[in-house]
Structure formats: C-alpha cells, structure tokens
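In what follows, structures are represented as structure tokens.
Each of the next two complexes has chain A plus one other chain: chain B in the first, chain C in the second.
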Partner chain A sequence: MHSKQDKKLKILWFRGVTCNGNTHSFLNLPHLEQLLNRFEILYHPILESTLSLVEITKLKDKCDIFIFEGAYDPLMRRNEVLIGDIVTHYAKNAKHIIAAGSCASFGGIFKASAPQRNSGLIFNEDVEYGPLQSYKDRVINLSGCPIHPEWLSYVLGMILNKKEIEVDSLHRPIELYSNLAHHGCTRNEYFEWKVDADNFGEKEGCLFYKQGCRAPMTHSSCNKILWNNVSSKTRVGTPCFGCTEPNFPLTNLFSTKTNMSIPKDVPVGISKRSYLTLTGIAKTFYIKRLEGKLIDYKRDN
Partner chain B sequence: MPKVTKEEKKTNIISAALKLFSEKGFYVTTIPDIAQKVGMSVGNFYNYFSSKDILAKELVMYISEYLGENIRLINEKDISTEKKIDEIVSMYFNMADNRPEMIEYFLRVYLSNREVFGNGCEGMICVSAFVTELMIFFDNGVSSGELQDQDFFSAFGLFMGYLGGMVFLFGEKILPEPLNSYKKSISTNIYNALKAR
Partner chain C sequence: MITKEIIEKIEGEASVEFEIKDNLVEFATISFPHFRGIEMILNGKNALDALVITPRVCGICGHAHLMASVRAIEDAYKNAGYEIKNNQKIEKIREFTLIMEIIQNHFKWFYMTLIPELEKLHSTSLVQTPLKGAFAASLAAKAIATFAGQWPHSSYMIPGGITSDPTNIDILQVQTYLQELSLFFENETLGTSLEDFLSFESCKEFRGLNSDFSYIEEKLISLEMHEKGFAYDKFLILGKHSFTSVSKLNKTHAVGIDAKFVNTVEAYSPNQITYAKNAQYKKEYYETGPLSRMMALNFPIIKNMHRRFKDSAYSRVMARIFELAYLLKKASSLATTLTIAESSYNSVVDISKITASGLGVVEAPRGPLLHKIEIEKGIIESYKIITPTQFNIGSSSLKNPTPAQKAMQKLSKEEALFVFRTFDVCSVCTTH
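Now for the complex of A and B:
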C-alpha cells in the first residue's frame, strides 16, 4: 500500500554550469513552503532532499519533474558521472522537463564563456541543439537571468493541476512570455513622447534611447509580475538587459546601439519605418511636464 | 467627356496652388487666384480646402509624401548605398527640372514662412514621410557597413542641405550649367563625405 508521500510528484533539480541564481531566486517565492509541500524533493542541491548527490548519480531512480539549472557542458561530471548521462537518464523517465533560467534554456552567460561547447538543453541561442532533442516535446524553457520565482511556481502549479502549458517556438510558456518587459513599465509615458533619461538612475525619462533598455524587444512579464512583489529593473532606473531572449547576453548593456542616432532595434512586431514615423512626430512636441522632475513640476503648477 | 473625380480636382488644386505660391509668393496669392486657375468657383474651392493655411500645410505633406515614396522605391532596391545616393540625387534633380514648383514651394514658402506652418505643421509633422525614408536610408547604410556612423542631423544636413542649395542656385539662374550636369560630382561628393572609413 502506497503512503501519501509516494503519491506526490517527484522533483529532481540538477545543476549544470551555473551561478545558482535560479535556485536563489526561487527561494524568494513567498509561498515556497506551501508549494513544495505538495511535491517530493527527490534531489535539490540546497533544499532538504530524499536522496543525496551520490545516490542520484547511480542513475537508479526516476523523477516526474526534471528541473535543470545552468548551461549544459558535455564534458562536465558530477560525482565522476558525465552530466550527459545524468541528464538523459532523468529526462527519459520524466513527464516534465524544465530548463530553469537562460543558461539551461539557450546557453546564456555560460554559453558565452565557452561558445563552442556549452548550450542549453534543446537550444543553442535560438538554434535547436543540445542533449535532449529526443525529448524536446516535454521541455519547458523558463528563460531569465534569473527566472522569476513566480514563473517556476506557475509551471509547477499547472503541472500539479494537470493543466496543459502552451509554449512558443522557443518552448517558453506563452502565458508568461507573450508580454514584453515594456508592458507595465512606469516610464511608458516617456516612451510615448520620446523623452530620454539622460543619466543613469534617473526616475524620470525612458531608458530606450540612450540607456540601452531592451524592454520593447524582450518577451517577459517583469513589469507585470513584479520582483519581490514590488519592483523591476526599469522601475529603479536600470535598463532591461533582454535576459529572457536567446541572444542574451549582449554587450554594452548600458548603451543603446544606434545607426546615425536611429535605434538599431525597434519594438517587436513594428516596422522600423512605422516606428521612425511615429517617433519623429512625437519628438516634435515639447512637453514641459515630462522634461524635468515630476515633483518639481507639480510644485510649480 | 469623362467626369473629373473629386480626387482629381483636389490634385488639380494642389498643382495650381504650388505653381502660384512658388511664382507669386504665399501672401500675394489669393484663393480666387487659385480657383480661377483651376476653373472652379471660390465657393466650390472651399469644399476641398477650408482655408489657405490648411492648403499650405497639405502642400507640404504632398511634397513630403512624393519625395518619401520615391526615396522608398530606391531604398528597397538591391543596390549599393553609393548607387542609392546617385539615384536619390537624380530623382531630386529630375523633380527640380520637371516639377520645379514642388521644390520652389518647399524652399521659398515652407522654409520661409514659419508662421504659417508653426501650428500643426511644426517639426516633423508635415515632412515625416520624407525624413523617415532618409532615416531608413542612413540606417541601412550604416548597418551594411557602407556609411560612417554619426549624428543623424549632421548627415541629413549634409545631404539635403547640399541638394537644396544647388536647386536654389539653379532657381536663381546662377548655375552656369544645367542641373543634371552636376549629378555625378555631387553624388560623389556626398558619398565621399558619408562613407565608412
């Protein structure tokens, strides 16, 4: 007779080449305990687990949900076992495979450090590549550097409730990644009227024109599902770095790439011609309220 | 005799107004002058444009869209940026030859009577079709590595200020040779000034 514990779905969380940022981010989930109580943690490098690293590298067990964090390096070993053997063994038997973070999804920063060797589980940037091609239909990519804890919570919740998770062509859940990081940005009025933030850290002004913000080109819900429930990069004056996209990391993250003052990249789904037409007209107008500190304007008007 | 459509009548007004404004000047030309040239009553004219100022703004947009559309056709060609410069210069000079009233209007009315265009036609509003297409041209040129990355207005002023200046000299009958004979040297000068180095 099975105990209640046996009926819980088993999670195995395994690390490739990683900074553990996704683990740390996940630990910030406000309802972490309630969520994890509904699963059995077969193995996690930090959380209390049923099995040890030595035991899981014997490749005798199976899990229901295989979560992989970090880039895949085919030469890497854990407890002397090639990581390729470990990943393949658990993926083969898992009902769900989750790539947690941009490194596991597309290679990310650790692919950039060894571009000829490292990759994500099923993608090298946006090209299909990696050790789990045979199981790609079961792979969910949660890109982000790191992932937002609520994104992983959403996926685990959907699995728990036996709901289908619809994904985009890069295997990211569309419910989380159909938004752009631009959506919900508190600086949107400055974007509408093309008023720049001239200096780093300013509360007023849009970060798209000079500060390198990638939010209009980045699929992510960072300004909709806020970080620590209160904020986001753009809200505190840091540009979006586009960390959920397969081409992450880019270089010169704090400056906007332009060709003759014209942004090299324009918002997703908008032709450059349309964007420039709108921008040129919007820039024609001088709106005093948007040119200085909002508090100063309010005091004076 | 085929009936003239409303759209054709509007085009006729635009054509006549461009000629009168550029020849006689904006303030001297009256709506009755334009109506008479088109062969319609003053009352009927107001069915097309409700004031002289509104007509003046429509004319700028008409010229901007004409230039924008022609530059767009060049932008979409699979040719080098150097060749595109040749074609833009040719297009502009042909326009100055064949429809001089369009450039005359732009230089002598639009740029010289800012009080008419200050409200509702300021900045990029009436000329965005044309300026946007030049932005696309410069953006493509830098992306392909053929043009030097620099400030947009520095490049724009060099290109269009040069062409406008030559057409102005031509209009003043100062140029000793026909406009077309300067195409090659001007295209080369523009390319040399803008090319990547």
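Now for the complex of A and C:
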C-alpha cells in the first residue's frame, strides 16, 4: 500500500557555481516547514534529503521539480560526474525546472568567473544559450541575487495548485516581475518631483539621480513583497543594483551615469523626450517640504 | 588503505581523502574542488563595487565580507591621507548586524549540521528539528534587514557610514526580534535563561538542563568527544570588535598581534584538485572561530572546560553554543544603547581621488576574514581575500598538519568526519 508520502512531488535542488545565497534566502521563508511538508526533498545541499549527493550523481532517480542554483559551468563536475549530464538527466524527466537566482537564470555574478563558458540554464545574459534549450518551455527563471523566498514559494505553491505560471520573454513569472523595484519605494514622491538625495544615510531624496539606483529600470517586486518581511534596499537608502536583470552586475554601482546631468538610462518604456520634458517642468518648482528633513528631530543630545 | 569521502551538508562541498591504518585515520588531505574567481572578477572595477560583489562570496556570511570590504576601503582612504572617523552610531549598527549574522550562522550550524551529524554517528534518533535552525536564523535576518534592507546580500555599509537612517521605530522593532529570538533560544535550545547559562562555572551544571542543548551535550560526552578532535591548542583572533579581543593564544596565554603577519601557503593535496590555500600566522597554524574568541574572554565555564577538555571537539562545539548566548546578550545590549542622534553618513572624498592599499579584517562566524585591496585612482588593481576556513581547514603534509587535519588523526573515519564538521566548514568562502 502506498502512503501519502509516495505521492508527494519530488524536489531535487542542485548547485552549479554559487555562493549558496539562494538557499539561505529561501531558508528565511516564514512558512518553510508547512511548504516543505507538502513535497519530498529528494536532494538538497543543506536540507535533510532522501538521497545523498553520491546517490543522485548515479543518475538513476527522477524528480518532478528540478531546482538549479548557481551559474552553469560545463566543465564542472560533482562527484566526478559532468554537470551537463546531471542537469540534462534531471531536467529531461522533470515537469518543472526552476532557475533559482540570477546566476542560474542569466549567468549573474559567476558568469564572470569564466565568461567564455559559464551561463544560466537557458540564457547567457539575455541571449538564448545554455544546456537546457531542449526543455526551455519548462524552465522558470527566478532571477534576483539572491531570490526572494516568497518568489520561490509562489512558484512551488502554483505547482501544487496545478496552476499555469505565465512568464515574460525571459521566462520570469509575470506576477512577480511585471512590477519594477521602483513600485512601492518609500522615496517615490522624491522621484515624482525630481528631488535627489544629497547624500547616503538619509531618509529623504531619490537615489536615481546620483547614487546609481536602477529601480525604475529593474523588473522585480522588492518594494511590494518586502525582504525578510521587513524592508528593501531602497528603503534603507541603498541603491537598487538591478540584480534581477540579465545584465547584472553592471559597474560603478554607487553612481548614476548621466548625460548632460540627466540619468543616461530612463525608466522602462518612457521615451527620453517625455522624461526630459517632465523633468524640466518638475525641476522648475521648489517644494520646501521635499527639500527639508522628513522628520525634524530636536537633535540637541 | 585510502578512501575518499565527499562532504556535503556544509557550506558548499569538500572532499577528504583518508589514509586508514588499523581502522584509524593515519592522515587526511582535504580539497575544495569548485573555483569561483571573485578576486579576478573585482579587478578593474570601481572600488565601491566590491561592496556589492564581495558579499556574494558567501550566502551564509556575506555580511562579514561586506564589513571586511568597507574596512579595507576605509583603510585605503586613511593610507591615502583621508582618514575616515566613523561615529558611535555607525560603528554600533555595523557591529550589531555583523553579530546578528554570526548568530544566524550558529543557529543553522547547531540545528542543521551538528544535530543531524551527531544523529548519524550515534545511530539513534535525536531531536529531528533542523528547520528550527532556519526559523531562529530568519529572526536574526529580520533584525539585520531592518538596518541593512535585506539579508543575504546587503550592501548598506559604505565608506563614511551606512546608507540607512533608522528611526526609533526600527530600533524598537529590532529589540522585539531579539526578545523573540532570546526566548526561542532559552526555551527551545538551552532550557534555562541566558543569564543563568552565561553564569555557569562548570560543565557539570549542564546536567541539570533538559533541552536540545543538554541532549547534545550528553551525546558528545557519551561519544567521548571531550577526549577527541584536539588541534594545536593555539588560537587566533584578528578582527577588531567590541565582542572579542585581537590576540593569539598558546593554550591560555594571550599576546597581542597584527594582521599583517598573516601569510598563505599552497595546499598539499597530491591526488585531488583544490582551489584553497592554507592561511597561517607567522608561518604557524592556529585554530580560529568561536572557541578561539571565547578563549580570549574570561568566562569561568570556558576556562573550566578548557582545563578539563582542552581544545577537544566537545570544547569546540560547546564554545560555539556559548558564543551564541554571549552574542545574543551583546546584541541586546547594543540594541538598547542605539540612538539616532548622530548622522548615519559623513561625506568622504570621491573614490577616484584614492590611490592606496587597504586591509580590512573582521571576525566572521568561523574566524578572521581578511580583505586586501589595492586601489589606483578609485579602480581595483588587486583584491585578495583570506577566509577563516583557510586557517582551520587547510590541507598540509603529514609533517605539519593544519588544525583540522591534526584533529582528525587517530580517530575512526566516522569520528573524523564528525570532528571535521565541528570546525563549521565553509567551502564557498574558501574557494572564493
């Protein structure tokens, strides 16, 4: 007789060239135990698993959901087995393939450690490339450095509920990546009126004009589904570095590239002319409230 | 007989080759097989980009890398004639988030590494609760995120300060997370209050407890781990912090030191490819991490434990749990003394004006983490990272073994594998 355990979908989580940040981010999920109880963990590098690394590299088992963390390096071996053989074996039999993080999605940080050969599972930056081209219809990219735990929880929940996950042209779920990181940023009013942050370490001002913030050009829900259920980069005055996009990491991450003192990159889908016109108008106003301190503490101590 | 074991359920992956004689480990060589090339990636980039790239060395201790990076860049500012003096608020918040990262690490290690491995070794069922560790760690991560925006992979420390400007609401929130975390630790892990635990004077007092901790402690004794896993009984602390003191100890005798005397040597791993170099202090091996940091403080119980059990696997494990208690208390006191009065950031000259080298040293969860940067007009000319696991778990020859190699000798293979993990291995850091 089969127990309920046998019917659980089997997850296999495998690592390429990675920092394990996606694993550790996922461990922050508030309802981790409830979620994991609904699956069988065939293999995970840290969580208790049915099989060991040695066993899964024998390529005898199958999984329903194949999660890959890290960049794909075709020369890498795990337990002396070429990673290409491992990835193809499990992807071939899996109903769902999830690229967890920007390295697995587009190459990310660890594409740079061997730029001529490392890539994501089906993309090298935004170009279709990588070991799983034949199975690309089943690949969901959860870009982000790292992934947000709720994003992975969403995908697993949709799979459990047997619901179709719609994706964008880069295979990212549209319900998670239609937003921009800019949406929900607590500094939005400063963006509207083009009031830039004078300095780091302040509550006031928008980080788009000087500090390098990429939030208006970055597809993610970081300011909608908060990090650690608490905050986000821009909320603590750190610029968005665009870590969910295929071109991550860019360079000069703490300063804005400008062209005649206007940011070189303008928000997604807005023409430069429209942006310039609006900026020109907004800049003609002096709004005292936005130029001053948000909270005027009597700081005499 | 030679056998090879792949070590998983650690940070990354390692491989240990054992030379077995009469069922005991004669010698073991260790290799870390996966190259990642962060130092190379940094070359030619703006020095400030290191604050974004280096936390990505490691998913579990990236915050320590961030702090080592910011210290290295600030040291370069100083060497270029632009000394940065951070105020108390900046220093305290940085210190607080670093401590919270160590706390999350130790919780995960205790519940997700130590307990399952002990279970294997003892072939009995212990407390089947690895996800408890993730829960506790996630509370610590919330406290970090309140100031740092997110954990893992925050970049909120910058030369001259921090990017966030917390309110009293944030500080109160952080205090609440800490209270919740301390309660969890007292009720679930310890079975007694933090205060009581920290005031214990002898390991015998553990016996009165009934908790995850006391259960583990009994199992360690019954496996004779207090008589096994000895390294050199020499300890090294290099990062300057409020919670420890920079020193090296030969048994209990402490002397002051300077991080500039750290050196690296090629690893000895004749049959396997490894990308790790061994780290030493003045060409000698030292153990680093919680046991070292605790040895540098004056807790009666640590002295008592060391007198009886030296640097055994038992002491190593107990010190990590004791450090967890100590740091939770330290974090609580930091959080209650935080004020918002001072500024979060003080302007510094543009990085393009800086041509200098800098050294940043911090205590990461597993010990000293060193970042050395060379900057030419704001651009990284060279970046070198030395990680705690390189001190503890290098691979050397039989004549001069590293602390972990020494600790594994003359044990059964199964015991040796357990002792290996008492060092809390971070393979990803090691093959940065």
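The definition used in the following text is that the second predicted complex is superposed on the first by the 296 of 301 C-alpha atoms of A that agree within 3 Å, B and C clash if a C-alpha of one lies under 4 Å from a C-alpha of the other, contacts with A are read in each partner's own complex, and residues count from 1 in each chain.
Convention: contacts are C-beta pairs under 8 Å (C-beta built on N, C-alpha and C of every residue); 3 or more make two chains touch, one makes a residue touch a chain.
Since the model is a prediction, treat every value here as computed from it, not as a measurement.
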Greater residue coverage of chain A in the superposed arrangement, chain B or chain C: C
First (chain B), second (chain C), both or neither touched by A:231: second
First (chain B), second (chain C), both or neither touched by A:190: neither
Which superposed partner A:30 touches (first chain B, second chain C, both, neither): second
Which of chain B and chain C A:90 touches, first, second, both or neither: neither
Touching partner for A:78 - first (chain B), second (chain C), both, neither: second
Contacts of A:17 with chain B and chain C, given as first, second, both or neither: second
First, second, both or neither for A:202, with chain B first and chain C second: second
Footprint overlap on chain A, comparing chain B with chain C: none
Contact set on chain C toward chain A in their complex: 6, 8-9, 11-13, 33-38, 40-41, 45-46, 48-49, 51-53, 56-60, 62, 108, 112, 116, 130-131, 134-135, 137-138, 141-142, 144-156, 158, 160-165, 167, 173, 339-341, 343-345, 347, 428
Residues of chain B touching chain A in the complex: 72, 122-125, 128-129, 131-133, 135-136, 138-139, 141-143, 147, 149-153, 155
In the complex, chain A residues that touch chain B: 258-262, 264, 272-273, 276-277, 280-281, 283-285
List of chain A residues in touch with chain C within their complex: 17-25, 27-30, 32-33, 36, 45-48, 52-54, 76-79, 109-110, 112-114, 145-146, 199-203, 227-238, 241, 243, 249, 251-255, 295, 297, 299, 301
